[in-house]
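I have placed the structure first, in the form of structure tokens, so that the comments after it can refer back to it.
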Amino acid sequence: MTLAKNGALSLEELAALPGMPSKERLAQGPVVVIECAQEIPCNPCEAACPNGAIKVGEPITNLPVLAEEKCTGCGVCIAACPGQAIFVIDMTYSEEEATVQLPYEFLPLPAKGDLVDGLDREGQKICTARVLRVLNPKKFDRTPVITIAVPKECAMAVRNIAIRR
Amino acid sequence: MRETEFAIVGAGPAGLSAAIEAARAGVQVTLIDENDKPGGQLFKQIHKFFGSKEHYAGVRGIDIGVQLLHEVETCGVEVMLNAVVWGIFADHTLGIIHDHKNLHLKAKKILLATGASENALAFPGWTLPGVMGAGAIQTLVNIHRVLPGRRVLMVGSGNVGLIVSYQLLQAGAEVVAVLEAMPKIGGYGVHASKLRRHGVPILTSTTIKEARGKGKVEEAITIGLDEHWREIPGTEKAYQVDVICLALGLTPLSELAWMAGCQFDYIPQLGGHIPVHDANMETTVNGIYVAGDVSGIEEASTAMEEGKLAGIAVAEALGYLSAAEAACKKEVVLRRLDELRSGPFGGVRKQAKEQLHQQRCSQ
Amino acid sequence: MSPEPEDEVIICRCEEVSRKEILEAIAEGARTVNEVKMRTRAGMGLCQGKTCRRLVSRILAEQTGQPMGEIAPATFRPPVRPVPIGVLASKDDEGQSDAS
Amino acid sequence: MLPDVVVIGGGIVGCACAYYLSREGVRVCLVEKGTIASGTSRAGQSHIVLWEEPDINLQLEKASRDLYEELSEELPFDIEYRRTGSMAIVENPADWEAFARTVRSLQARGLNCQLLQNDDLIRLEPNLAPDLAGGAFFPEDAQVNPILTTLALAQAARERGADIRLFTEVTGIALSDHRVAAVETTAGRIPTARVVDAAGVWSAAIGKMVGVDIPVIPRRGHIIVTEPVPENLIHCKIILAAGYMQTLGATTGVALSANIQQTRSGNLLLGSSRDFAGFDRSVNPAVIQAQAARNLRFLPALADIHVIRTYAGLRPYSPDLVPIIGEADSVKGFYIATGHEGAGITMGPITGKLISEIITGKAPTVPLEPLSLRRFSQRQEED
Amino acid sequence: MRVEEHPILGEMKKPNVVEIEVDGEIIPAIEGEPIAAALLAAGKSIFRYTRKRNEPRGVFCAIGRCTDCMMVVDGIPNVRTCVTPVRAGMKIQTQHGLGEFGGPLS
């Protein structure tokens, strides 16, 4: 499965992206994962980062490059990305769990403490996730950012949630 | 006969941008739109735009619309709404149906910013109620807030098909699949990924074969295609749906440009027959300009820049900007257009546009 | 509803012209969108060909081997939207009509 | 094989010539710079009416209408011919007496028609404006689809061996000793001894190529087409304001008249305007506005009906409103069939028949002298 | 079906609900919305039957271009319902073929 063929990035495609943090950086604490794989004219992520950790430069079709040492995992870039391609992963959250911050423009919004399904890049349920935080300030402009806790092995796979009815 | 300096047909992103640019320079502008609200397709675009800050990146289309309307109001543009331009006639005269009256407006310069219409695909059952254009769905759901069905099959995976599918999910519908006849997804990967994460299958090398139902769509039959776009017997699949949405690309809505006698060139990368125009957006008919989708199918962000170019060019032609002032303003816009037209998606359009400009210059 | 044979598919939704009728017009020698229109009425309905004109061009291209770019679209006539005669006949209060 | 005759023009007149000639076994080549019926023949209305003065026109119309009866049977596809009758209506009481006199004179010449007082008129057509002075009904008039007729004539000619060449423009005509020798076209030279100039509004330009002065100029006419409407809007499918006749003679400004026709597909064709604007075929919105208003005056029920297209066409105007049919005196083999103005559809078949009779040496159905080109030079001499 | 709540557009503003008559049945509609939107919201999908094949048609383009959604509105046939705003008390009929004129012609 590839992005062009069915809409989901394969692991190989992901590994090749300049917006992917290294294993080492992931092990150190919260950091962004930029799943932006095509040269489209777009750079709000660069402008959004307060630490200069994302660089697009000229031309603006360049893929965003992550300067992982500068990234604090603040997550401001998540809602700023029109493609909803940016996530923040914290592998150091606990012994068993990692956290994933993701954009979620749907109703109803989950509440802190809810148990939801963790979905992968193809919408398959792969784990149960616990909602830790729901951020929806005005500056996110109706792109709420949800933080969930998931089993560590799922952190690089969970990219969406489904509310349980 | 009424008169104005600059008549703009269509108050979408291109028309609004041109109006603002020209009016700020001092031009008397009349902006005409057939809808009861200006903004064109912007008010259906509830997603955040790409681009850079100068292109309103990260801002939702609806909010860009509000912003442009505000600017138009503050810079003294005359806006005629519910006004259908029914024809373009000799001496830059427009026939306009407005307020149940037929009036004639003569303008020194005219900008046609009439946008595009959706392409169709004829298959058995495509006339059944429930088969609709993607733009139709977007209008109904995002503007009128009515869902025409619960289960939708999307035909076409260009950006429109992908975005509308996502917006259908946001409005509470189920999208059973997105079909794409080509072996590759047509639109941006990020749009496709947003859908995939919600479990929507995107089926490449697959097309719609038939719509079935009694009185309205109840079932859609799809079929796989080989590398020569031939149907592969035995690959038919049935989906129970109540809406089949067609997102098969756009064609410039160029009737007025044809009527005005503009020369056209066939450029498939830009959506078909395109009025030949120069870097000022002026067509082969003196004083008639085009901008936005009518001058080649692109995006709202490029449409806004093209509108600005036309606005500047008209202000210059009417003597409101000196050549130097205009050149300076155009340079900024052209640089931004260049940015939008780079990369694997935009580069093709850049080449096509350059081909058109050269043609205009060689005449 | 049973499947329609492919050629019974409607091409012009307004005038209900089928693909078969368009193929017949081409077989009788029609080579332009205008000729197909004159023979079959495809594009002569209320929408004035807004939906079918491209489909007709495509069928012409596929049947005659002409490239799409060489198939001239049908002639475009005002009004671009249907207008009631009473409205078309009305005069602008502010401007003076200059007929006659 | 070389053609016996080259017909220039693929409108109704040219196609009728090709049809009647090929029916007589004459080898015809028809050249057309566009496609069949792409000029005047597609830009008019649908009537075949028999009340145009002077007398020679009435004769042509009568003969042509009879030919239509045959053509509707013998042509390869339906030309939507039907005998609908036509109606002339008079707006003002002041014009009634003069109109009644004209109708009585037509009756005296054997034309089947009847006068209608206001109440008769409204009984027949309840949707007409109630205040009209009256009118007349002509039961033998008919209607046809001009485009389909032209296409069918071309098709029938082709089936009888005619060679029809589209997108072929005539660039010159070669003479040899004051006789036609060949036709030069954008697609090559066609040697022939006979040419028929059926080029309508362009017939004068063709005449010029051989030094023949044909006094035909284009006269513009606008048409408004509505959406299809139910049959009960108007019962008689051709309703013309009696003022139509006066507009024919107008030489300045825009002459307007109401002319309402419903075609077989249900659409209304609303005429008519006449003005001289050279070869400009563009629509004048002010004329459309006035024309719509003029028709609305007679049929107020039109108000809510939608217009779906408008267009302007050029009609080949001859100064005395009589067509020019016959061989030129100064160039042997150069035949003229033009100048029908708004009666091309009505008179197309008889024109084709006459040309075929002239070329094959048969006795003409209608006397030819009043149709000759020579009548214009004679008139000048008389002046 | 109305989209009452929406993650981007928010909650629907309190609409001015009026009544319109559709084939004799009274349905609620929002003043100013296109007739077509009101009918779809009420679950009506067939707007007319065609003249030649008598086939059902509904909304296709929704922006006044294709003319598929035509109905008889207050006695006038061929009204594009997708661009004609609702007014209280409108009488709307499914159009059959060319439709019937409800005015002076009937």
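A, B, C, D and E are the chain letters, set down in written order, and residue numbers restart from 1 in every chain.
One rule holds for everything that comes next: contacts are C-beta pairs under 8 Å (C-beta built on N, C-alpha and C of every residue); 3 or more make two chains touch, one makes a residue touch a chain.
None of the values given here were measured: they were computed from a predicted structure.
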Shared touching partners of chain B and chain C are D, E
Going chain by chain, each one touching the next, work out the least steps from chain A to chain E. 1
Where the centre means the average of the CA atoms, what chain is farthest from chain A? D
Does A-B or C-D have more contacting C-beta pairs? A-B
So which chain ends up in the middle if you average the CA atoms? C
Cα centroid separation, chain B vs chain D, in Å, comes to 44
Need the CA-centroid distance for the pair chain A / chain D, whole Å please. 74
Suppose each chain is reduced to the average of its Cα coordinates; what separation in Å results between chain A and chain C? 50
Touching two or more other chains in chain C are residues 13, 45-46, 50-51, 75, 77-79, 81-83, 86, 88-91, 97-98
Among the residues of chain A, pick out those that touch two or more other chains and give their numbers. 105-106, 142
Would you pick out the residues of chain B that each touch at least 2 other chains? 34, 60, 87, 89, 95, 102, 104, 117, 127, 170
Touching chain combinations (by label order): A-B, A-E, B-C, B-D, B-E, C-D, C-E, D-E
Quick one: which bits of chain B touch chain C in the complex? Just the residue numbers, please. 1-2, 34, 84-89, 95, 97, 100-104, 117, 119-120, 122-127, 210, 212-214, 251, 255-256, 258-259, 265-266, 268, 272-273
For a test of understanding, state which residues of chain C touch chain D in their complex under the given definition. 28, 31-32, 34-35, 38-39, 41, 44-46, 48, 75, 77-79, 82-86, 88-91, 97-100
Where on chain B is chain D touching in the complex? 87, 89-90, 93, 95, 102, 104
Please name which positions on chain B make contact with chain E in the complex. 34, 36, 46, 60, 62, 117-118, 127-133, 135-137, 139-142, 144-148, 150, 170-172, 215-216
Chain C residues touching chain B - in the complex, by the definition given at the top: 1, 3-4, 6, 8-11, 13, 19, 50-52, 54-55, 67-70, 73, 75-81, 83, 86-98
